[in-house]
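Look at the two complexes coming up: chain A is in both, with chain B in one and chain C in the other.
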Partner chain A sequence: MLELKRALDAKGHCLLEMPSGTGKTTTLLSLIVAYMKAHPHDLTKLVYCSRTVPEIEKVMEELRKLMNYYEKEMGMEQNILGLALSSRKNLCIHPSVSKEREGKVVDGRCYGLTASFVRARHAADDAVPICQFYEGFDAHGKEFPLSPGVYNLDDLKEYGQMKGWCPYFLARYTITHANIVVYSYHYLLDPKIAEVVSKEISKTSVVVFDEAHNIDNVCIDSMSVKITKRLLDKCSNSIQILETTISNMKENDSKRLEKEYKRLVEGLRDASIARETDMALVNPVLPSEILEEAVPGTIRTAEHFVAFVKRVVEYIKTRLRVQHVVQESPAGFLRDIHTKVCIDRKPLRFTAERLASLIRTLEISDLTDFSPLVTVSHFATLVSTYTKGFTIIIEPFEDRAPTVPNPILYFSCLDSSIAIKPVFNRFETVVITSGTLSPLDMYPKILDFHPVIMTSFTMTLARPCILPMIVSKGNDQVAMSSRYETREDTAVIRNYGNLLVEIAAAVPDGIVCFFTSYLYLETIVSSWYDQGIIDQLQRHKLLFIETQDAAETSLALINYIKACDNGRGAVLLSVARGKVSEGVDFDHHLGRAVLMFGIPYVYTQSRILRARLEYLRDQFQIKENDFLTFDAMRHAAQCLGRCMRGKTDYGIMVLADKRFSRADKRSKLPKWIQEHLKDTNCNLSTEECVQISKRWLRQMAQPFSREDQLGISLLTIEQLQSEEMQKKIQQRAQAV
Partner chain B sequence: MADEDEVKEYRWESGYEKTWEALKEDDDGLLESNVAELMARAKRKRAALKATGAIQLGMMRHLFVVVDASECMFLQDLKPTRFLCVLKLLELFVHEFFDLNPISQLGIMTTKMKRSEQITVLAGNQKKHLEALQKLKDLSCEGEPSLQNSLERAMNGLKNMPAHSSREVVVLFGSLTTCDPGDIQKTIKSLRENNIRVSIIGLAAEVRICREIAKKTGGSYNVLIDDHHLKELILNQVQPPAVAGSMEASLVKMGFPGGTSSANDGTSGSSADHAPAYCLCHIENETSSLMGNNGYNCPQCGSRYCELPVECKQCGLTLVSAPHLARSYHHLFPIKPFIERVQTSETTHCFACAKLFIEADTNVYECETCNQIMCLDCDLFIRETLHTCPGCASDPFTAQMKTN
Partner chain C sequence: MDDYQTCPKCKTTKYRNPAMVLMVNACGHALCESCVELLFAKGSGACPECKCPLRRNNFRVQLFEDPAVDKEVDIRKRILKEFNKRQEDFPTLREYNDYLEEVETIIFNLVFDIDPTNTNKMIDNYKKENKDITQKNRNRQSQEEMELEELLENEKAQQSEKANLYVNAELEEKKQKHKAREKLIDELMFSDADAKSIVASHVQATAALAKEQPKAAAQSGSAVVKSSKFSSGIQIGLRGQHTNSFLPIPKQEDLPLYRYIAPIFDYDGPPPPTIETLGKLNYFANIRAANVTERAGGYTEAMSCCRALQEAMGGLFYSPQSTHKTAVVTTIHSTQDTDDMETT
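For the complex of A and B:
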C-alpha cells in the first residue's frame, strides 16, 4: 500500500508482485478508492483490467465489500459508481440473441438488430426486427445515469431487465462517468476494441493490470495476424457477396454509394474529429496522421475497392503457395506486393477503414461472415503501417506434420511495447500486478517503460504453508531433467513416474502435475503405461489428463474436483501454458501438491519465437537465453502458484528438474516462493522429498485457528497501532 | 505376523527420522529449559481442552471404533507398523474407556478391500474387545478402505440405540483415499439426522472429506505428529463428549446385582444364587468352564455373570454396581478449571503434595472455590484422576456445599 501510494503521488507507473490470496485486489481497490476520495481532482477514475470473467466478478465482489464497509463506517451512501463490462455475449438479455453460444455470433446478431440503418429501416417498416432493449436504452437510458453503487455483470443484466434497457450499451455508455471500471485487458490493449470502448476514458485515470504476468503476450497477440488458406477461401466468398450487393445497390440506390464517395473525398471520418478534440487513445493500427489524409483515390469507389481487396487476397494466396519457409520484413513484403500486383503502400493502409465504411454503406447486417475479410484487411493495414517490430513468416506446413500441406502466414508482432505504449503514455499511473512477476526487471525492458516503483512482496505467515522442493534425482541417483538429450531416457521417465507415485501415496486429495508440452506429456504417459506406473498410481488416486480439447479438459476438471471432494483423491496431469495452468485455481484440498516435471521452456524451434528473440536482442539488449529462462520460470511460478490461494491454504511445490537448483533459475522464482525454498531442500532425491513432505503434511494438519495467526499475519487494530509493529513495518518497507 | 516378516525392511531402508529437529536451542544454547517448557505447555493444553466446565456430558455412550486395515497400514512410520501400533494403543483405549465410562458400550470394526467388517458387536464387556484386538494383530492389511461402508454399518448399529445415549464413531484412518460405492454426502446427512458424532484420527495427512465429516457431525478431526501424539489423541476420545443437541433425558432401568462372595455362606437368598452355573459371558466359548459361586446374578432374570458392568443377555437389563455409577458420576460435575497464576514468593509450596516451589515452576494454579495453590502436576492429577479438589474436600464448609 505504501508503495502504491508513492507511485500515485509520483504519477508514475509501478510493478508490484504480491502472492495470490494475500488481499492484492482489496489492497489496490481500497487505496485507490481512498485516494480518489482524498484527491478528487488528481484521480478521477480507476480502470481495473483483469483476465477472465470469473476474475472480473471476484473484483466486483471485493469492491462491493469495500463499499459496504465505507457505508458502515461513514454512515452514508457513497458517491462511487463501480461497473463491470464484458462482451455482448455475457451481457445480452435479448431473448433469442442471448441464447447464442459463440461471442462472434452474438456480436453479429446484435449488430444486425441495433445498427443505425436497421433501425432506420424499422422506422419505415415494422417487419424489420430490432432489439427492444436497445431501443429502450436509446430512448431513455442516456438521460438517467446509473445511481451510485457497485454493479457486476448480473446486476447490470437485472437492472437492464427491470428498465428494459440493453445492459451492454448501458455499461458502455456509463463507462464515461463511472468511477471504477472493471473489464478485460483487451478493451484497453487491443487497438481494434480499445478504439470503440476505451477512448473516452480521461487522462487522470489509474489503470491496473491484474494477473499481468502474461501481459507482453497479450500485447503481441492483439497485434498479430494469422492467415490460413481456409481463411482466404472464405475471403473470396465474402468478396463475391460484396460484389453482388454492390451491383444490386447500384441498380436500386446508387445515391448512397455516391454519398459515401463524397464523404471519402473529404477524407475525414467523423470519428477522427472526436479524436482530435479529446486526448484519446491513439490507435496504433491507424496512426493519427493517416486520419488527416484523404482516402486515396484508387479505392474510393466501391467497385474499385472490392477489386483492390480481391487483388490483395489473390496475392496472399500466391504467397502461400510456397514449398519452403519464408521470412521477411514488412518492408520486403510491401516491395514485393508493389512489383507483383502494383499495390502501393498508401491504399493498403486504408484497407481496414475503407472496408468498415463499405460495410456500413452496404447495410450488411450480418457481420459474422465477414470476419475473415476483416482479418485480412487488418493485416493489410498493419503491414503497411509498421515497418519495425513486425515480421512475416510463411510456413508451408506445420512442423509436426511436414507431409500435410497447410500453409499459414504469420504476421507476428515482435515488440510487445507497441500495443501497450499508448496506455503508458496516456495514463499517469499504470499498475501492473500479479502473484508471479519475477524477475521484475524484465518487464520494464520488454514493455519499454520506466516504473517508479518495482517491488516484490512476501507473505507474513504464521506457519510455513508452502513447501517448495527441488528434486533433482531419483532413488537410483539418476539425475532428473527434461533436457532435450535426456527426455527420451527411460530411466528419467521412470524416475519421474516413481516420484509421482510416491507423492501420490503420501499426499492427500488432489495433486496437479505440469509437463512442459502436450507432446512430452503424451510420450511420458505412454511409457508410464508400459512400465506399469499408471497402474501403481491408480491404486492411490484417480488419474485425469488435460488435452488440447477444451470440452474434454473441462469435463476432466469437473471430475477431478468431484474426486477430490469425496475423498477418493485424484491426480491431474496437465501442461504448463495450458488452460489449467492459467485460469484454474486449485485451492485447499484441490491442490495439496503441485509437481513441475521439467522446465517449461517454450518451443524454441518456432520461427516466430526466434524472430522475437532476435528482435529483443537487437532492440533491447536482452540475451536470448535470459528471455527464455525468464519466460520458462514465470510459467513455472505460475503453475506453482496455482495451489496457494490464501493464508490458510497450504501446498507442496515440487520442482522436478536438476536445472532448477542452478542459481540463475532459482533466483528467478518469486520472492515469496524463494523465501521458503531452503538450501537443504534444493537437491533432493525422491525418497527424501517424500519424507519431508510427509512430516510437513502432518504439521500442517494440526489445528490452525485464528488465534494462531493473530499478531503474526493477522493484526488487530490495537496491534497495528502499537509502536513495535510500526517499527517492524518501517523496517520491512526499507528492506524491500 | 507372517506377512510382517516378508515385507520387513532393514533399518537403513526405512525412512529418515530427524528426531532432533523437534528440539530447539534457547538463547543460551541450552535445550533443557526448552524441553521443559514444551512439555508443560503440552500438558496444560491437554488439561485445558478437557476442562470444558459444567455442560451436560453424555454418560451412556455407544461407540464404534473403526480401524483402517488397508494396505497403507503396513507402513512403518509408526513402530513397528501403523496397524500394530494402533491396535496396541486401542487396547489401552478400551481399558481406559471402560474405566471412565462404565455404563457405556463399545464395538470394533475394520475396513479393508473396499468393505467393512464387524469385529465385535456393541457390548459392555471389556475382555471380549481385548481378545478381539489380540486376534486382529494377525490380520493382513490389504486393499483400500471405505469410509462410507464403515460409517453406514456403524450407523445401522447405532441407529436403534436409545435416544438418551450418545452415539459415536471413532475412525482411525491411515489411508489418504477412500473407495466408496455411493455419494458420501448422503451418508453424512443421515449421520447428522441420527445424531451420530464421528471423530476421525488421521494417521498420515489431512484429508478433506474426513474434516468435512467430522465438522458436519460435530466430532473432531486430528492428525497425528508422532506416536506419542497419537496416544494422546486416542485417549482424548475417552472423555465423554458434551451432549449434542437433542438428546432426550429419560429414566434408565438398571439392575444392581448383589455380590455373592462365598457358597458356604448359605444364610440368604434363593437357591439360584448358590447353584453352580455357566457364566453367560463365556457360555459361547467351547473352553468355558462351569464357574464357581463367585459371580453376579441379574436381579430380574437371575442369569449369572462373572463381571460387571454388563448388559444382561437374557432380559437386556443394564447391570452395574454402585461404584461404577459413582465413577461415572463425576462427569456430571467436573471441577472448574484452575486459574493459572505467576508464581510469587508468597506461595511457597503446593497445597496438595506439599512440594516446595522452585524457580523452574513459573506458573502455579489456584482453585476458584477454596483459593488453594497447586503445582502443575497436581493440577493434572486432580483433573484426570482424582476429580475432586483436595482443598475443597478438606475444607468442611465447601465440602458440605458440594455434597448438597
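For the complex of A and C:
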C-alpha cells in the first residue's frame, strides 16, 4: 500500500510482486478507490486489466465487497460506478446470436444486425432483421446512464434484459464515464481493439495489469501476424467477393463510391484532429504519419485498391512457395515486393485503413468472411511501418513433420515495448502486478519503461506454511535433471518416478506435477509404465494427465477435484506453460504438494524465439541465457505458486532438478519462496526430501485457528493502533 | 482444396507431371512449356485462347498463381519505366496523388483492354511531354528506395559487428572464469592460509567482477541505444532531411600556429662556411660560374659550392660509437626539409 501510494503520488509506473492469496486485488482496489475519493481531480478512473473471464469476475466480487463495506461504514450510497466488460460472446442477449459458440461468429453476426447501413435499410424495409436490444439501447440507453453500483457480466446481462438494452454496447458506452472498469488485457494492448474500445479513456486514469507475468508475450502476440496457405486462399475468395460487390455497386449506386473517393482525396484528417487534441490513445498500427497524409493515388479508387490487394496476396503466395526456411527483415521484404510486383511502401502502409474504409462503403454485413483479408492488410501495414523490432520468418514445413509441406509466414514482433508504449505514455500510473514477477529487473528492460517503484513483497506468516525443497539426486545418488543429454537416461526417469511415488505415499490429498513439455511428459509416462512405477503410484492415488486437448483436460481436472474432495487423493500430471499452470488454483487439499520435474525452458530451436533473443541481445543488452533462465524461472514460479492461495493454506514445493540449486536460478525465484528455501534444503536426495516433508506435514496438520494468527499475520484494530505497532509501521515507511 | 495448376491446352497438371512449368506471354494466358515448344515452333503464332499474335521468346515462367497478375505486373513494369515522376517533381502532395491515380488508371485500362486507343494516345502524349524528366528520373533512385537501401546496409553492418562483438565477449568471459577457478585451486593447493578465507575472498572477487561487467555493458549499450532512438523504426521528422542533405562541413580544429625553427645541423665535423660568406672567402674562384640558363632556374654557384663544402667537412670527427646518432640527425633533417616545403 505504501509503495502504491508513492507511485500514485509521483504519477509514475510501478511493478509490484505480491504472493497470491494475500489480498492483492483487495489492496489495490481499496487504496485506489480511496485515492480516487480523496483526489477526485488527479485520479478519475481505474482501469483494471485481468487475463480471463473468471479472474474478471473475481475482481468484481472483491469490488462489490469493498463497496458494501463503504456503504456500511459511511452509511450512504456511494457514487462510484464499476463495471466489467468482455467480448460480445459473453455479453450478448440476442436470442439467436447468443447461441453461437465462436467469438468471431458472434461479432460478425452482431455487426450484421447493428451496422448503421443495416439499420438504415431496416427503416426502409421491415424485412431486414435488426437487433431489438441494440435499437432499445440506441433509442434510450444514452440518455439514462447506469446508476452507480457494481455490475459484473451477469448483472449487465440482467439489466439489459430488464430494460431491453444491449448489454455489450451499454457497457462500452458506459466505459467513458464509469469510475472503475475491469476488462481483459487485450482491450488495452491489442491496437486493433484498443482503437475501438479504449480510445476515450482519460489521461488521469490508473491502469492495473493483474497477473502480468506474461505481459510481454501478450504484447508480442497482439502485434504479430501468422499467415498460412489456407488463409491466403480464403483471401483470394474474399477478393472475388469484393470485386463483384464493387461492380454491382457501380451499376446500381455509384454515388456512394464517389463519396468515399472524395473523402479519401481529402485525407484522413478528422482522425488526426482527434489525436492532436490528445483525445485518443495512440495506435501503433496507425502511425501518425498516415493521418497527416492523404491516401496515395495508387489505391484511391476501389478497383485499383482491389487489384492492389490481389497483387499483395499473390506476392505472398509466391513467397510461401519456398523450399527452405527464410528469415528476413521488413526492409528486405519491402525491397523484394517493390522489385517483384512494383508495390511501394507508402500505399502498403495505408492498406489496413483503406480496406476498412472500403468494407464500410460496400456495406458488407458479414465480416467473418473478411477476417483473413483483414489479417493480411494488418500485416501489410505493419511491415511497411516498422523496420525495426520485427522479423519475417517463412517456414515451408513444421519442424516436427518435415515431409508435409505446410508453409507459414510468421511476421513476428520482437519488441514487446511497441504495443505497450502508448499505454505507458498516455496514463500517468500503470501498475504491473502478479504473484510471480521475479526477477523484477527484467520487466522494465523488456517493456522499456522506468518504474518509480519496483518491489517484491513477502508474506508475514504465523507458521512456515510453504516448504520449498530442491531435490538434486535420487536414492542411488544419480543426479536428477531434465537436461537434454540426460533426458532419455532411464536412471533419471526412474529417479523421478521414485520421487513421485514416495511423495505420494507421504503426502495426503492432491499432488500436482509439472513437466517441461508435453513431449517430455509423454515419454516419461510411457517409460514409467514399463518400469512399473505407474502401478506403484496407483496404489496410493489416482492418476490424471493433462493433454493438449482443452476438453479432455477440463474433464481430467473435474475428476481430479472430485477425487481430492472425497479423500481418495489424486496425482495430476501437467505441463508448465499449459492450461493448468496458468489459470487453475489448487488451494488447500487440492494441492498439498507441487513437483516441478526439470526446468521449463522454452523450445530453444524455434526460429521466432531465436530471432527474439537476438533482438533482445542487440537492443536491450540482455544475454540469451539470462532471458531463457528468466523465462524458465518465471514459469517454474508460476507453477509452484499454484498450491499457495492464502495464509491458511500450506503446501510442499519440490523442485526436482540439480540445476535449480545454482545461485543464478535460485535467486530468480520470487522473494516469498526464497525466504523459506533454506540452504540445507537445497541439495537433497529423495529419501531426505520425504523425511523432511513428513516432519513438516505433521507440524502443519495441527489445528490452526484464527487466534494463532492474531498478532503476527492478522491484526485486530486494537493491535494495529497499539503504540508498538504504529512505531513499527513508521519505521518501515521511513526505511523504504 | 489445393487445385493443381493445369495447362489449358494439353490439360497436364502439376500433380501428374511435377516438372511441368507454366509460361505466360503478354496476353496473360498460360501455357505449359511443352505446348509452347509445340505451338511456337516457328518462333511466333497466335495465343490458343485469345488468338492474339505472340512471339515465342516473349514467354516467361509464370510467377504467380493467377496468370492475370503476371500480365499486370508485366504491364506495370513497362509503364512505370516511363511514368517515373517522383513526389519531388510535384508542387503538392495532392497533385502527386492525382498523377499516381492517373498512372493506375492507365495500367488498369491496359490490363483489362478498356479503351485501348485513347489509353495509348495518353501514353504517347505523356512520353512526348515528359521526355527529359523521365530520362532524368531513370538514373535517380527514389527517396524511399534509398532509405530502404540504407536500412539494409545498416542492418548488415550491424549484424556482423554485433556477432563478432558477442562471440569475443563470450570467449573472454569464459576464459576469465576458467582462470579464476584455476587460481582458486592453485591457492587452495599451495597456500597456507585458511581454506575458508581463501574461498571467501575468491567469492568476493568474482562478485566484484560481476558487478563491473553490467556497468561496462550498460555503457557500451547506451551508445547503441542512442543511435536507434526509435525502437519502432518510425523516423518521425527525420525523413527527407538526412537523405538529401549535403556532406557535413569539415570541421577545422584550432591548433597553435606553426612557427618555423631553423634546423640545427650537426655535421659531426668542423662547421662549414655559410652560404653568405662563400663569396667573401673567395671559394667561387675554384668552380665554374653558373651560366644564364642556370640562373634563370634559380640556381647559383653558391649552392653547389656550399653543398660540396658541407659534404667535405661533414663527418670528419666521425667515430664508430656515434654512428647511430648521426643517422638519426640526418633523418630529422630530411623531415624538417619537407616541413619547410609545405609551409612555404
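FYI, the second predicted complex is superposed on the first by the 717 of 736 C-alpha atoms of A that agree within 3 Å, B and C clash if a C-alpha of one lies under 4 Å from a C-alpha of the other, contacts with A are read in each partner's own complex, and residues count from 1 in each chain.
Assume a residue touches a chain if its C-beta (ideal position, glycine included) is under 8 Å from a C-beta of that chain, and two chains touch if they have at least 3 such contacts.
Quick caveat, the model's predicted, so the values are computed rather than measured.
Touch check for A:Gly12: first (chain B), second (chain C), both, or neither?
neither
Where does A:Ser329 make contact in the superposed view: on chain B (first), on chain C (second), on both, or on neither?
Only chain C is touched by A:Ser329; chain B is not.
Output check: A:Asp565 vs chain B and chain C. Expected answer is one of first, second, both, neither. What do you get?
First partner only, chain B.
In the superposed arrangement, does A:His540 touch chain B (first), chain C (second), both or neither?
In the superposition, A:His540 contacts chain B only.
Spot which of chain B and chain C makes contact with more residues of chain A, would you?
C
Return first, second, both or neither, reflecting whether A:Gly149 touches chain B, chain C, both chains, or no partner chain.
Touch status of A:Gly149: no partner.
Taking the superposition as given, does A:Val341 touch the first partner, chain B, the second, chain C, both, or neither?
So A:Val341 only meets chain C here.
If you stack the two complexes on chain A, which partner ends up touching A:Asp448: first (chain B), second (chain C), both, or neither?
second
Counting only touches as set out at the top, which of chain B and chain C does A:Asp233 meet: first, second, both, neither?
A:Asp233: touches chain C, not chain B.
Determine, under the contact definition given at the top, whether A:Arg698 touches first (chain B), second (chain C), both, or neither.
first
Mind listing the chain C positions that touch chain A in their complex?
1-2, 63-66, 69, 72-73, 76-77, 80, 93-94, 96-105, 108, 111, 144-145, 148-149, 151-152, 155, 158, 162, 166, 217-218, 220-221, 224-225, 228, 230-234, 236
Hey, which residues of chain B end up touching chain A in the complex?
Within the complex, chain B contacts chain A at residues 15-16, 18, 71-72, 77, 144, 147, 176-180, 183-185, 202, 204-210, 222-225.
What does chain A use to touch chain C in their complex?
Touch residues, chain A against chain C: 229-230, 233, 236, 265, 284, 287-289, 293-301, 303-304, 307, 310-311, 314-315, 317-318, 329-332, 334-335, 338, 340-342, 344-346, 385-389, 415, 417-418, 421, 448, 617-621.
Considering only the defined contacts, which chain A positions touch chain B in the complex?
505-509, 539-541, 564-569, 588-589, 592, 687-688, 691, 694-695, 697-703
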